[in-house]
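After this come two complexes, each holding chain A, first together with chain B and then together with chain C.
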Partner chain A sequence: MNYDCMVIGGGLAALTCAIKCASEGLRTGIISYGMSALHFSSGSLDLYGYNPDRKIVSRPYEGIEELVKLNTRHPYALCGNDIIREAMEFFRGAVAKGGLELYHNDGSNHFHVSTMGTVKPTYFSQPSVFNETAKEAFEKRPKIALLAFTGYRDFYPELAAVNLRKSTLFRNLEVITGEVTLPIRTSKNPHEFRSIDIARIFDSERYLKNIAAQIMNASQGADFAGLPAFIGINNYQKIHQRLQELAGILIYEVPTLPPSILGMRVDNALKSRFAALGGEFVAGDRVVGGEIAEGVLNHVHTENHGTTRIRAKYFVLATGSFFSGGLVSGFNDIREPVFNLKLFRDNERNRWYSPRFLDTKGHPFLQYGVETDDNLNPITENGETVKNLFCAGALLARYNPVAEGCGGGVAVSTGYAAAKKIIRNLRGGAA
Partner chain B sequence: MKTIETGAIIIGGGATGCGTFRDLTLRGVETVLIEQSDISSGTTGRNHGLLHSGARYAVNDLESAKECIAENRVLKIIARHCVEDTGGLFITLPEDDPDYHNRLIEHCKYAGIPCEEIKTREALKLEPNLNPNILAALRVPDGTIDPFRLCSANILDATERGAKVLTHTAVESMIIDGGAVRGVRCRDAASGEQIEVRGEVVINASGVWGQRLCSMAGIELLMFPSKGSMVIIDYRINNVVVNRCRVPSDGDIIVPGDTVSIIGTTSRKIDYSDIERLEVDDDEIDVLISDGEKLIPNVSKARILRAYCGVRPLVAVSGNVDGREISRGIVLVDHETRDGVGGFITIAGGKLMTYRLMAEWTADLAAKKLGVKKKCSTASTALPGSETRPRKPKIRRFTGIAKSVVGSTFYRHGSRVSSILERKKKNYGLVCECEMVTAGEVYYALRKLNVKNIVDLRRRTRIGMGPCQGELCSYRAAGLFAEFGAATPQKANRLLIDFLEERWKGIKPILWGDGLREMEFTYWIYQGLFGLGDIADDGEDEK
Partner chain C sequence: MIHLDNISFDQCIKCTVCTIYCPVARATHLFPGPKQSGPDAERLRIKNPDLVDESLKYCSNCKRCEIACPSGVKIADIIQQSKWRYLKKKFRLRDYFMSHTDLVGTMATSMSFLVNFFMGLAITRLFMELVLKIPMRRVFPKYNSTTFRRWFRTIRKSQEAYAQKAVFFHGCYVNYNNLDLGKDVVRVLNAMNIGVEVPREKCCGVPLIANGFLKKAKKNARYNIASLEERTGDGRAVISASSSCSFALKYEYSNLLALDNSRIFNQVEYITKYLYSRIQEGGLPTMKPVHLRAAYHSPCHLERMGGVIYTIDLLKRVPGLDLVILHSECCGIAGTYGFKKEYYDISQSIGGLLFKAIEAAEPEVVITDCETCKMQIEMNTGYEVLHPVQVLARAFREE
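Moving on to the complex of A and B:
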């Protein structure tokens, strides 16, 4: 097996990188183990939401310029603002070609409402989460209904409404709550009543009229109805529109507890785009090591393929953070398990975390990761830079995806930046 | 200010307090129990849940050993739904003194504890995960006991018979009249309301907090707190209690319980002023894991779920401070004879195993003071949930619900399972997948088991105690508090924040490996997706 570019990992960074490479005609592969973090994301893409004082950022590119002055090793500092802008546009295009529209606010952030009714700044959202109509309607002080579905345990609108009423944007608006009962026998198997099960019911289009009538009733004349995000996976744009027409009300989706239907839509769009470009996606296999000699990664091998060598001119490591297995922690150590790359971290376990769990500044371990050079190339434990291996996404060090509200943006930007470097090197005849 | 008139007042909702509460109620005494936090939230809920056979004490403390084996036999009947009759082993490792094995056999004989020497091969068959290098093994009737369930059942029995319980209500002062204690003034933490409870007898069953209670009555009673830490392993790596056959020391026992196993215990003296601020130290974890590994080598490969610690209340009986008269046994003090303060009793020392016996002695003394003739009946009256012999519940009665759910609910609530699952079918919905807790069980706990917050709910139902440590179920539980009218939506938000922070306390010390992965995910959900930290910060500002 011989590739121009082999991407290790199947999340946001990996897919962005692989799509860019494949769109330039490179023979590109992905080896991915398990579900990506998109399955528990909000489904919106956060570029840069909060500054170091935890103030909401409305113009992210300007914010990033300030941020990288303070943190010169931030992944955004390694990418540069031009690449970040280019990456965002490329990403939106790729997702659109994969069948999913994304709303953007002309370079500024917009917001989405969370399960708890907090208002979160974000950069791209699906139109069912935020769109132009919402923006306009908002100026007319709309009445808002948050609706629950009987028996669905992953969304309690009353808990959200109290917080929503306190937020600056919604402060003087009327927020009511109500309940909708799906016209199916949910008592039959209530254990399986998760967002994914309901999304499949919506996808079937069978009960739309009944559901729409109930939404209309429960909304009590509201201008917006907020529903947990499960109105279809594959067919959702059509169903969303149909439901709005039938109910005669604007319907918005609120991200839920995992599994995230909004995130799955993005995942599906990216994967279908990659497949359409002729990319090769190997699912359910894990890269366990490779041979690095004189600063070059010659091949990798995987769990399922034993000693079979997978060769490529360039490799990208986008295996995520601890949760996804890109970083591994032991009793008193943290390491990168595939190549044992140089990390930024603390080896004293009692310094990995904050005393408070819900610390809005985040925990130190969230900033640990692979420390690359300016070119996104990692360094081995022998101090050798691996020139044909690039690192991207949550694996990277020195940024705080949650506190800064930049996890998605860093993944897309660094994945895209790595692809650009690979393409340039191949075109320039390097490697 | 609200005033309650009663016969007896018990301060402390640990096992002893709950046991005394039930005992007096069964004797027909009107009783009120006051607990500053939740039932079984102190030392009672912070041990390894061993149903002692008494063998552990046989060599050093024959009296305790005899009490243990007697109570062991009683609890296996009256609290059968809180007990698992797993059996126990004492194993000798190559580095252990082989003489202790023989001494233990001999002393178990004195104490009347069945103790059978078995071949090491047989021990390994009984418990395949054991260290294969063991030199000798003894079999004893150890088991496991769930302290949360035990206390809750005692309380439930008493309240169903008309007694009153005030949780999250702290005693602020004693009402003293004519040289005798006549009641207490306390405050409900949620409403801030002050309550005066008047009674003829006040029983101080507040464990290590008893020193403070006594000083409120002008009495000096010194406690010598000793901290014990434990770690929980994410799987049930053993099905039989495994003890190390040596002089009691750190890390010498692994107890299976519910879905997990627990390695116990360390022992460290702490200052009395630190009893509210207990934390597990990193080096205690090192000791527990490395010694636990010697008993069951798999420990090193397993995920550690939590670490926690409790404080043993050792009492200086005569008031001397040199520590020589510290008692590890049961200490029952009639302050009328010791200090000339009437109507006041302190019960302290002892252990979870002997809670019923301690309660019996205390209730005997209180009954004498109250002039009540009726004798103790707790040794022969089964607790609610244990009324019928354990048998598989008739699963056919619960249609549309997984057998595993019925089994888990039955395991936790015994014969009360039918009043939990025979409700509306919509309450069959699972809230906690790790521990199979349904919305119906939450409803039952909120209505019947004195649950004020999600931490209390965890003690009644095991919600949030499983491998994910409350990742998804915390939010659902908060939602149900609001749905069932047990909290306003505003309050439910607060309960969720408090619960996650409470879980965090036990996770911090063991934050590595899969535990770290899990918490990254949980943090991502609650802060990344929900922004709950911002709600918490806003709440702080409003205060």
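Moving on to the complex of A and C:
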């Protein structure tokens, strides 16, 4: 199994990188432990949302040019604006080929609404969150209905409506709330339904007429109905459209508490694309180490495969940040657990976080991560640069995905940038 | 007494990702899903066993929840343990027969002609449906007229010539139902200059665990561990051509049955991984083209072991093989699960996605590593299903 490229990790950065490599005909594998953080994400892709003064960025590419002047070690600075643009377009294409359309606001950010009813800037969204029709309708100051499903515990429209009314974008808009009851008979108490159960009911395309009629009723002449995001998984685009037609109203999806169906759709689309390109995906196994000699990672081994060596010409480490296990913290130390790579971090625990939980500057630990050279190659604890190992995504240091609103963009750009380097090295004949 | 042998439920962050990927929860609302049945309910059950919920029985133990879990919770193990620890157990003749594969297999092979004939009759099937609650529509595997072990005795001498040897844990299916697969395993290993040894063995215990015969499963497991320890003293590999048998020997023995299999753990390999390692050492004979369009289905337990890449690697080496790798989906049968009337519809509904994907791939044959996946796919799609080793055997054939 001599891979051209073996990607460690299965999230946004890993899949983008692996799809790019596979699409160039490289033999590509992924080893991933557990399902990725996409399942907990909004399903929209943030590129760059807030500048260092916490002002909302309208034109993200222009904003990034300013950002990288201030922070020359930002992952975006390592990629360069051209690669970021190319990466975003590649990503959109890959997701589309996997069966999911993503829309952007002509190069500018648009906003999306969170479960709590807060409004956030983002760059790519699914058609039930942003598209031209929705944009035009919103500019005409529409009436908005936020609807709950009877018994469903993971979205509270009254709460969302209160926050929505506070936002400048929604000030003076009429926001009402209402309720829809699922027309199904089941032994299950509706309180037991999670987003995934209801998404499957939508996916079956049954009951759509009944639900549409209820939506029409409950929204009392509103132009937009905001529903918790579970209107279909595989059949989502078709069902979204059909439901809009039947109810005669624009339907907006608000992300729910996990599992996030919006995020799952992106995950599904990327994985289908990778599989269609002949990629090999190992789920449920953890890379536990590897042999690095003279700046080259020769092989890795995993929990399930014991002593068996998995070899590849190039490796990509995209294991995520603390949440996904790409970084781990002890009481007074932070480590990268697979190769013990050199990190940017502070070992003094009380400097990891801000005493204010919702500090707008974010917590320092969010900036911790693997310190790479300009080429995205990491450095071992012995100070050796590993030439055939690239790092991508949330594991990287010196950016703040929350405060800057750039987590998705960094994952896609660095994953793509790593793939480009691998392809160039292989094609150029250099090892 | 509070049982604290699997406290991995403490790692659960309640993300519900396992429930997304649970094939049973997708097919029926009767199963609340692995999160609720596993880590959530376990907290209640360890304090008060009366809080156990009947819905546990719907879990098919496919282990897809454990693959999906980002937090390392042994969800399916928790459910299996609780199922037999807390639920009231009724003896069912059907479950006894289905799980005691050695007993039934020995009897059936000794009169295979009669058994195969009667199992094919509508009247027998009707009786089985009415009395034993085994659905009439379910197709049973045929029994061989002789066992693998009996056949192997006739060729054992020929294996002594090989310097390198592997211990073949054949399992019940090869022994009683698919002698041809057993022969192909020997043929492929011999072609790679590896001799075959057959240890004394009993059923690995997978059907016993699934049907609640845990004592018997432990007894078999101890027997197998002892037998394999004898054989592997010199580091010799134990290979199995069944993904579920290898999974049991490696993981179910230690995680679920709480037995010490550490001395055989590193020796036991599913066959494609073993072959892969030998090929790395340069032991691959020249292959002849196998002109087939094949769809590959990866069984749940092989996914759980991370063994799929080795099978795919081997298949990709076979010249002429036009391979479509299907999106990983559970076939629904889950061993004896799909053979029971109460789970039959669920089992068929789970498999629906896979059957459609197979049809769409328009293959000539389907390839899979698991014997019950094979039964399910053959019954539902009509395609012939081959084991990867059988494909290799065709590539290694001498003209």
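What we mean here is this: the second predicted complex is superposed on the first by the 424 of 431 C-alpha atoms of A that agree within 3 Å, B and C clash if a C-alpha of one lies under 4 Å from a C-alpha of the other, contacts with A are read in each partner's own complex, and residues count from 1 in each chain.
One rule holds in what follows: contacts are C-beta pairs under 8 Å (C-beta built on N, C-alpha and C of every residue); 3 or more make two chains touch, one makes a residue touch a chain.
Predicted model, so just to flag it, every value in this text is computed and none were measured.
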{"item": "Touched partner set for A:258, first chain B, second chain C, both or neither", "value": "both"}
{"item": "Contacts of A:120 with chain B and chain C, given as first, second, both or neither", "value": "first"}
{"item": "Touching partner for A:366 - first (chain B), second (chain C), both, neither", "value": "first"}
{"item": "Chain B or chain C, by number of chain A residues touched", "value": "B"}
{"item": "Touched partner set for A:357, first chain B, second chain C, both or neither", "value": "first"}
{"item": "Chain B versus chain C as contact partner of A:330, first or second or both or neither", "value": "first"}
{"item": "Touched partner set for A:306, first chain B, second chain C, both or neither", "value": "second"}
{"item": "Which superposed partner A:379 touches (first chain B, second chain C, both, neither)", "value": "neither"}
{"item": "Partner chain in contact with A:40 - chain B first, chain C second, else both or neither", "value": "both"}
{"item": "Partner chain in contact with A:349 - chain B first, chain C second, else both or neither", "value": "first"}
{"item": "Shared chain A surface residues [contacts with chain B and with chain C]", "value": "40, 186-188, 258, 325"}
{"item": "Touching residues (chain side chain C, partner chain A) in the complex", "value": "15-17, 19-21, 25-26, 29-30, 32-33, 36, 66-72, 265-266, 273, 276-277, 303-310, 312-313, 325, 327-328"}
{"item": "Contact footprint of chain A on chain B as seen in their complex", "value": "282, 400, 402, 405, 425-426, 428-431, 439, 472, 475-476, 478-480, 482-483, 489-490, 492-493, 496-497, 500-501, 503-504, 508, 511-513, 516-517, 519-521, 523-538"}
{"item": "Chain B contact footprint on chain A (complex, rising order)", "value": "37, 40-42, 114-116, 118, 120, 150-151, 153-156, 158-159, 161-163, 166, 186-191, 193, 255, 257-258, 321-323, 325, 328-332, 349-350, 352-353, 355-360, 362-363, 365-366, 401-402, 407"}
{"item": "Complex interface listing, chain A residues touching chain C", "value": "1, 29, 31, 33-36, 39-40, 186-188, 192, 194, 196-197, 200, 258-259, 264, 272, 275, 278, 280-285, 302, 304-308, 324-325"}
